[in-house]
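In structure tokens below, several structures.
First chain A sits with chain B, and in the next complex the same chain sits with chain C.
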Partner chain A sequence: MAAGLEIKGSVLKIDNLCKSYVKGKLVNDYISLSLGYGEIFGLLGPNGAGKTTLVSQIIGLAKPDSGSITIEGVDIIAKPGYTRQACSFQAQTQVPINGLTAMQAIELVGRVRGGNTQKVRSRTLELLHNLEMEEWTKKSAETFSGGMRRLVAFCMASVVPGRIVILDEPTNDIDPLRRRLLWQEVRTLVAMGSTVLLITHNVLEAERAVDRLAIIDKGKVVSMGTPASLKGNGGLNMRFEITLEPRADVPIMPESIQNTTVTGRRVIGRLRESDIASAIQWARSLKEKGLAEEYSVGPASLEDVYLKVVGHGDSPEIPDKEVNHDRIAA
Partner chain B sequence: MKPLRDTVLLFKREFIHSLRNPTWLVVGLMTPLLYLALYTPLLQKLAGGPGFPTTHVLNVFLPGMIGYMAFMNGVSEGYPTLFNLKDGQIERFRVTPANRVALLISPILADVAWMFVFIVILIAVAVPFGFNANIPGLLVTLILLGLLVMVTGAFSVAIALINKEISSFAAIVNGISLPVLLLSGVLLPLSMAPSWMRVVAHFNPLYYVVEANRLLAAGDIWNSTVGLAFLVTVGLAVGTFWWATRVFRKAVA
Partner chain C sequence: MTGLLRKYGLMLKWQALSSKTILPISLVVELVVAFGFVIGLGFLYPSISPNIAKFLTTGAPTISLLMVGLVLVPQMVADAKTEGTFDYIWSLPVPRMVYVAADATIYTLIAIPGVILSLILGAAYYHFGLHVSLLVIPAMLLIVLAGIFLGYSLAHSIAKAQITQLITQVLVFFIMIFSPIMFPAAQLPHWLADVHRFLPIEYMADLSRGTLTDLKVNMGLAFAVVGGWCLIGLVATCILVHRRR
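Here is the complex of A and B:
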């Protein structure tokens, strides 16, 4: 989708969706979001956040406790058959295709999705060629590696793509070259008229691929927008990192460096472009005093946003109120 | 059109899948061949006696045998259903617009197709040993046995989807198979059995199929017993499929 995208109407609309498997514990907690036509929308979140449960309800494998899901205005909770045609889906788990060749597995799904025999055949060959999988076209799936099965599963979701193509961790187990080819095919799907919903843990990949994204944590949408808007964070769109010398204490941070986290000897924070010069000056002084090993400044990444929003695991954050922002005299 | 199209597509998939797993096909064929080779000689002395009016015992035993083979083929259909449920095959198609009845019926139809192949092989093996093959009668037999596989296959799939556990499903299948076999006249004609057994046998659908098979093998197509067998089988097919479709739709909703 072009930069400065306009979302004209929603192809998928989710309103106040709630789902629980155990009474009193909501796995999806009043989730609302919408996908525009022709965009690549990312769904990020830690394990157990509720992403798979959300997707299961979109594709009709589970029914919500409350809320609504519509695809192009059609209530898919009332009409699960509609979603099966409107959506094509690549699951996170390995697809069982033993007993078939790559071509047979892909063509079968294409024909079941209503594709014309000749068109399905040519699209299958096109996908296998574009993903450099021609060598495996007529080989039985029993001989396939995990990565090859993932690629076949992607082809099965793409051969006769739905209005919405849902890809759950599509690049798991795939080599870097084919990963790049796969992303090209994802953009081809959009060019063909599909909207792509991408579920991924790979924040760096998501940052490059998606037009918009939502971060889900503990069943709720905690953040949503374009990668640029999420990274913007009130103007703090630059990332500052300093690696301390072994046994050096965490220094008093300048006021300009906010949202600071400490990971081992690395201290990472966010700052405005206008404060870069002063931050570098400060870091250089630490280095001259033998307190810091190296430092860097660059654009903030989505990973920083993600870690900030969903927590850091064993990487404690220094709360801003505890940090002494008095400037160190040069 | 879509149900028919999906049925053909999925049938081809099931048939090809069986070709790539010949072990099951070999095992499926070995059982009736072993019965022919090791049980038929035991019946030789009964030729011409009660229940064996024809000159060769194969003309009585083989029609019963292929009836039982069809029954067992169908009633075992639940096993691949359980395997498919466990390894995600059914889930894979749940998220596609594949017609639900096609998903149910296509593996059963593949079973019917393989059963036809087995029966032709068995008859080809039996003819040199004295079996009198009446072609029109055997063609009607194939139709009757095809219906029987559909009945038992649909029943088996439904039981598998309700149970979802291989051990309990196996217990049900084994518990049903033995009395059905013994009360059908497959091993020995029930004309040799006491009257109470003959009465109980009338509640066994396989009994009607076996009786009809024996008449059809002799070329007696228009016998009322054959008509009764079709009536029972078609009636059961309608009822079983109605029930199995409801169970299947609920499982893959």
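Here is the complex of A and C:
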């Protein structure tokens, strides 16, 4: 499905979901989401945002305090058995495959999920081939690296995919080549008729992979839409970055540059395309005064949106601690 | 039903393959313990009579089966919980008790060879005869399953794996020293003997001796009490594995 298309019909609907493990401390705080048929939906957020708790409730490992979850109209809080057939799941934790070969592990899950023996065998071989894992087909999982175990876990979730395939941090520890192959397989899952729920805090990968996404922080959905609509942010679709000279104070920003954040000597903000010329003029004047080292303007990225809405920054893709410019100026 | 059996078979295969490194070691340990137990009796009682040797040897299956159920099972389940195994397995479209049944089958297969070996060795080494009844099969299965289900529910009811490990150590001590398996309950303090009237351990030993020797025991009572505890373990396991966080 192309980004930005309207979602017709929901395969998964979450409504005002609340969950706490300790009384009075909500890990999921009135979350409402809806996943359409055949889309790749990203759930982004920093560590501890409540993503895994949300998934635990979707697959029936945890029970919400209140709210509802339905899959194709079926209340899966009341019928947790239904969700286990409807969803196939790649857990964030390692799968219990010690003692099994890659092929045995994938085939066993395929058959447990009701797949025909022959079809499961051919789909297993196809996945192992497509992900360039043939070398490991008959090797015992004890010899696998963390990345290889994760790829096997992905295959286990994909061999007989559910109507919803839930992938929790699927590319952690995986090499760049196979990451690319894995994303192709995710697209294949959609072509086979599945909806994919992707949980990650890898913003760069999510931006390329998802049709729509929700950013979740401290248990709440803080932003939701297509990557393009989130980046658009009311017309503020350009990213402005200026690197200050060492020891230079953070300057007062022009009104056209908004949503600014400061990371070390980098000041990053958002602006409209129509304000590019004036912003460049302002940056050039700073450079001439010896206050700025360099500047750049380009299309906004999802990372910028993520940083802005999450604020406190806790992503492996973002090495420096983010500081809010308004607080610095104050 | 066919679907359930198919899933049971698949989970059994999964468990057997997963345990293939630990399974032979567990089996060897069980056999060595059984062998060591029989030989060790001779060190404890150098002039042991065949009748006493028979009494002691036929108590060994209960100890051996309880060690699997109340020590090995809780430790393995606690480890699996720590590794997140159950979070994954419970997400599969397999009824949870079908998985538990597959798991229980594997543990039973680990436990039984040691029992058989200790009996054969004991009878041969100490020159006594066994009067094996057909009821020995349900009796031994009931003992091992009661232990496994109680062990399973123990491990699933305790959040921290380390506490489970500690409790299993206490249980070993309690079973070996303070339970009337290798000696009559009359040798215990009255209050402890009274406690054992409600616990399954003494009745497990009765089941073992009643189906392996000509000693007279109340088999109906023994089956009823051990069966009751097996049921309690099964129900507790069922409730605990279906619990959602």
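Just so it is clear, the second predicted complex is superposed on the first by the 309 of 330 C-alpha atoms of A that agree within 3 Å, B and C clash if a C-alpha of one lies under 4 Å from a C-alpha of the other, contacts with A are read in each partner's own complex, and residues count from 1 in each chain.
Please note the rule applied: a residue touches a chain if its C-beta (ideal position, glycine included) is under 8 Å from a C-beta of that chain, and two chains touch if they have at least 3 such contacts.
The model shown is predicted, which means the values in this text are computed figures rather than measured ones.
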(message) Let's test your reading of the overlay: on chain A, do chain B and chain C clash or fit side by side?
(response) clash
(message) Contacts for A:220 in the overlay, against chain B (first) and chain C (second): which applies, first, second, both or neither?
(response) neither
(message) Let me test your reading of the model: by the given contact rule, A:21 touches which partner, first (chain B), second (chain C), both or neither?
(response) second
(message) Between chain C and chain B, which one touches more residues of chain A when both complexes sit on the common chain A?
(response) C
(message) Once chain A of both complexes is superposed, is A:266 in touch with chain B (first), chain C (second), both, or neither?
(response) neither
(message) For A:62 in the superposed arrangement: first (chain B), second (chain C), both or neither?
(response) second
(message) Contact-wise, after the overlay, does A:111 reach chain B, chain C, both or neither (first, second, both, neither)?
(response) both
(message) On the A-aligned overlay, A:80 touches which partner chain: chain B = first, chain C = second, or both, or neither?
(response) both
(message) One more residue to check, A:93. First (chain B), second (chain C), both or neither?
(response) both
(request) Pick out the shared contact residues on chain A: the ones touching chain B in one complex and chain C in the other. (result) 59-61, 80-81, 84-85, 87, 89, 91, 93, 95-96, 99-100, 104, 108-109, 111-114
(request) Can you check the complex and tell me which residues of chain C touch chain A? (result) 6-7, 10-11, 13-14, 17-21, 80, 83-85, 87-95, 244-245
(message) Give the list of chain A residues in touch with chain B in this complex.
(response) 59-61, 80-81, 84-85, 87, 89, 91, 93, 95-96, 99-100, 104, 108-109, 111-114, 140
(request) Going by the contact rule at the top, pick out the chain B residues touching chain A in the complex. (result) 2, 5-6, 9-10, 13, 16-17, 20-21, 84, 87-89, 91-98, 253
(message) Give the list of chain A residues in touch with chain C in this complex.
(response) 21, 56, 59-63, 80-81, 84-85, 87, 89, 91, 93-100, 104, 108-109, 111-114, 142
